[in-house]
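Structure provided below as structure tokens; questions to follow.
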């Protein structure tokens, strides 16, 4: 039964991946940059350029280039970086965990604070504090995330000297990468100090990411709760003698979780992209930094692989959220 | 039936905006006035550089012309750029919101009204579009389009039309199921008249709300794009560009970065409060889900 | 990459998570012989011959050795090669190698490795050095410490090139046994440091190589923190998370220099800001080009943007390098500029329209510099439309020959050799030249094969003056290299901008 | 001693800056095991009584006077927690919308388990207890139901679950708030029967809140009638409905169409019940403005209770005591003489094709009917019977899979421009829900003359026509400038009708146009339809689930059941001698008329 629910979504996601790959490919062919030109050494001749162009297959028709690329993707090969002259697949694989860790931490922070905020705002409904909370969330959503990042560095990094803001871990705490996830790797290496250090490094960038999500979660949760709380079944639960707290925890929250979950799904996708800026600012060795470097150097194989991975990330998050939604909402389940 | 339930008032003209909505509207109005009056209230030309007067701190002392908010790294008057920047902000915000609204509304109307495979195709297109994270997409678009005010607007439109399309499509679907649409059809309304008289007026409030929110988003996005060095031409005094210019000296000359950040945050808050006010007046739950 | 977790691992995960929550705040461990450096970029890949990479050069230089090197004040100095002798026709170059150099894996560095690096590899593989050493017809290994380079055509710039980009000696035996991919994964050089840990685009961990021929470096552990963002690098030193931050803005460097615990090094170096001039539009008229040059107040720009550190230059070369004619000046003269424009038939009211390409953030201050120049031109009747382009686009347009009237560029040359300045920058045969006209080749071609260094340098000085007076390039300022460091780091500034931790001594 | 008694309870709320008494001096007694009905139109304050007992009045509402005694203790004097302890144990509730009253994301079993846990049932015992409770309310496969969600059950099943939940703690009091309103006629009957059975089996007292006089009469021992927050009359159900003393009670009865006896014109009350904001301005009898025997003193002086008979008293202003006029019931107008059928439907059917793996759905099996000018034909059926499909096929909102529609002798079945125009000219539809059928952004004038917009008629002409139409449907032309939200439900439905009349159609298709409206407003609209028929000669197709409405209006009737026509014929004949089992079941499911037919109506 579960399979019957998942399969169509999986197929849809797969179709989307194919479309996305076409779109990425076609879009990048329109870029006014010559990856080969960027890659030539001083003293190179026109013949060198043509040879390199041929080597990278850039002289073929776009459709053929795409098919070659797509066939490579099926074999798990993302092509070769023009600038770095190495396989793009491992290159991407080596940076994705860092970005994933950041997104996960940002999501966690944003969701936890968002839900907390939503509950608080719900609790103070119809009091003067509600207005204060409204204005506060409005301000929170209005500030661009890079401002939070810069502000965080200045305040906690430079001024208060409380938190690190460069990279994922201090030099003396470098551990062997087994999973690529620093929090896991430090634990696997049995080094709690390094784990704490990695956690501290995660604090500022994850907060900069999460702080844009939290107010949105707060709002949607609050308004969903306000919507649910007037529903008949909530009134019935009260009439069966449940306290307000019981009504909230047993009925309202689970119902209000549905729209909240949808929002988190959409926003998680945005957040995945938002890491790009945060990574640049915090020197976070993830996909964003790789992508920006690649854009700067016109490294099209890397750009298209990174863009594809971004899309895959979004699609994956959406799929997970979809399934969670399915799990939480019996009305969508097949009989 | 609850004795207190009164029918929801559908008219914007009769709207009772919440206090924050008014605050937001006021803020936007104020900025609009500043933008419109820039040539008269600006203390100096916005691009006038004075290499002998770079990074001067804000000066309020004594008589005579001052750099009220100091100067930036090229010796330009920060206040002047701030004031002229309001114009750019409005151009970007207005252009992007209008563009996204036109594209998104058109597709949303088509999808919502026609249904069937058209709806399916447009919805998949939206899904496809939305699987690109906005920052990544706009970065790619700007590399492709090249920098420039028009291209910034175009990039934002190309990224954000989906928001309009999604929300308005579902709104149209709701309206389409209303009996008054069937009734109008039975009375003999053709498709165009139907859209103009029955469907479109129904989505106008939502559209206005979305436009207000989108304007805030556009101001933010412009700042982000300037931050990654892809934005307006050099002679356009945009706030995002001001931040980018001031970032290298932000410890030495914090006024140069704080002024545009403050302006951006205020503007975005203004648009957001206005949009929220409109949204709360309409349906607090529908839009939040997008 | 594959997570291969055992039950013991899981136990550690749980225990560690519990412990970590009990730990007090972090401790900053910076002992006397460790140094961390905030640096703006990474190597493209750990094969030093594969790409010519300016930012990565200092990093390569830690792990690998060059045949020749430069002293901090830009004197060519022996390294692996202790003596060199060119034949009069310039077609052979005899080199004497040190006999006490060993690679990190213990193998001895010999002339075989030299031959492998500069002849065998460039001919067998597609490397950036392939193009550089195209004229090398053979390298004879006379003895383990003697190599004789033979050229198809004279290559007077071979000497500077032996200390320039991508010229790092790699171990033949190791490289051939592990292959290029194996080498990239575990690079072995003969430099002062061995690569201990590496995270792409993030962190490079180096350990002192005790068997280094020039003596083991004082800093035993060096970490390069790759921070692309300038404000991150600034914050990194300001918060003392690193011992040294390189490449931050002049003003920030000066401000941080006030801190009693920190010192700032703000020095002009061999990079030059230059406006590349295109033979197109309004700039086909030499009067307009010269007016454009006269209109730029380089001193004021240097003062406003670079704290006065960036030295104004009159020709496309850095002061103190052999190709710079110190007797020559091209003055700022707005009146003369206006007159020239008028002569050409334009005025402030009826300006000549030109297009001006600039990068934004590719080089420090590039965008600011361009905007200031646009304003200065506006005053004398040159109306420039400033367009921001990406560096890649610059390359593309350069190659296609479609650059507009003016393009802002910062030319890097860590050798100071004049051929690597105007020789490349203006030679229409090279892809770097924006200006294309045959009269340039006629003057440059002989200099490319001139083997007498003095004649060669004198020739370039004359060429530089001539080119500037034709308005073929508008040189602006020398670049500024900035480093901020703890007082105790023992930093040594290099006139070519190198960051060389092996030269620093704590104290 | 009574189980529950209210003594002069007044509920006050602050609305728009003024204190409004939403309930005024409500008193009643409910004995253990008894059934008390609270009857009134929407907005009368019936449901407020239930919430008052539960201590769950909305924020800003308070009991400003009176006492609520339950089982010897004053509920109002107790802390909220103490009252809450009674809820679900000694006092239970049965809601109006059963499908919405169960948590949609929790299984029935989970919700039952939570409730049983609160009642102190051991974990291991709960499934068995729950299954037993569900079996008691007649649900087949109780174990299966426990694993389901609300959306997987029908409305009737949900209500059974809720009744089981309510009774599983053996409560002393059950408050049932319109428990059958949202259900189909036949389901209503079974639920009412179940409720009575449960009440008798457990000896539970029931407070039965309803707007349905017939149902109240059928179910309750005693009845109290509420009007705009005022109790107006109370007494034993039999007595109250046979000898109503209050003009409002009498008006309600007179407005209620009957299932038996001679068809006479309904007497509709003018106007509508005042809204809460109007209460404050009416210190006296709130019914005075609509009361035909009111005198000026009524509006100023509050009602006084007086005993009419044993256990039957009436709360009325002094005027009431002056005596009551008796008016003879007006006879129904004679049915129009049938001529050549204006509409002829032959074998009209609709089948939705199946998709991948789904079988085709038959929404309507072929139906044939004819409608003569000036005739009123009823189409009766429960939800899912295909009556709405038939309506949509007739007006052309859907294309039939078989059969033909002929208007005035022209076949208009095929959808094309010419046929659409013919159809529009001859046949117009009045939609069920005016809230949805009237675009809230147009004025009444624009709405009623929408048909002229297509023809680009000048504004002046449209205004003139609008005034004409408004007068025809009994609204003041001054309302023409208003928006729908500024109208009452009845007024909106009139506008809805006027719009359909604008193009002077020969046939009006009225789809459930009085469902959801209060009895007094319903009567106004039913009479309006009759008048329109008489004045304009328009034929009317009435679609309704309410047999009494159909009986009142229609000359001929068609009964649909699960997409099939099971009976058709003259209305009088069908009500007297139903031929199909289904029709008989339908009629049997309706509670009997409250009054013996022979007695006639005192008014």
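When the chains are written out, they are named A, B, C and D in that same order, and each has its own residue count from 1.
The rule is short, and it goes like this: a residue touches a chain if its C-beta (ideal position, glycine included) is under 8 Å from a C-beta of that chain, and two chains touch if they have at least 3 such contacts.
Not measured: the values here are computed from a predicted model.
> What's the fewest number of moves from chain C to chain D, given that each move must go to a chain touching the current one?
2
> Which chains, taken as a pair, are joined by the highest number of C-beta contacts?
Greatest count of contact pairs is found between chains A-C.
> Any idea how many Å lie between the Cα centroids of chain A and chain D?
About 52 Å, centre to centre.
> Express in whole angstrom the distance between the two chain centres, defined as the mean CA positions of chain B and chain C.
43
> From the mean C-alpha coordinate of chain A to that of chain C, what's the distance rounded to whole Å?
Computed from C-alpha means, the inter-chain centre distance equals 36 Å.
> Mind checking the centre-to-centre distance between chain A and chain B? Centres are C-alpha means, answer in whole Å.
Chain A and chain B have C-alpha centres separated by 24 Å.
> Give me the residues of chain C that touch two or more other chains.
Residues 231, 238, 390 of chain C touch two or more partner chains.
> Could you tell me which residues belong to chain D and also touch two or more other chains?
Expected reply: no residues.
> Going by the touch rule set out above, which residues of chain A reach two or more other chains?
Chain A, residues with two or more chain partners: 32-33, 150, 154, 280, 292, 295.
> Determine which chains touch and list them pairwise.
In this structure, the chains touch in these pairs: A-B, A-C, A-D, B-C, B-D.
> Considering the complex alone, what residue numbers of chain C touch chain A?
Going through chain C, the ones touching chain A are 1, 3-5, 9, 12-13, 15-17, 19-20, 23, 25-26, 28-29, 34, 36, 38, 44-45, 47, 50-52, 126-132, 134, 165-166, 181, 184, 197, 199-203, 205, 221, 223, 225-229, 231-232, 235-236, 238-239, 241-242, 362, 390-393, 395-396, 399, 424, 430-432.
> Residues of chain C touching chain B in their complex?
Interface residues on chain C, with respect to chain B: 230-231, 234, 238, 249, 251-252, 255, 297, 300-301, 303-305, 358, 360-361, 367-368, 370-372, 374-375, 386-390.
> For chain D, which residues count as touching chain B in their complex?
On the chain D side, the touching residues are 13, 15, 22, 42-43, 45, 47-48, 58, 275-276, 395-397, 420-421, 424, 428-429, 431-433, 435-442, 450-451, 453-454, 483-485, 499, 502-503.
> Can you name the residues of chain A that touch chain B in the complex?
16, 19-20, 23, 27-28, 30-33, 131, 134-135, 138-139, 141-144, 146-147, 150, 154, 219-220, 223-224, 226-227, 259, 262-263, 266, 269-270, 272-274, 276-277, 280, 291-292, 295, 303, 307, 310-311, 314-315, 318
> Please name which positions on chain A make contact with chain C in the complex.
Answer in residue numbers: 32-35, 37-45, 48-49, 51-52, 55, 83-86, 91, 93-95, 150, 153-154, 157-158, 161-162, 164-168, 170-172, 174, 177-180, 184, 186-193, 195-197, 199-200, 280-285, 289-290, 292-293, 295-298.
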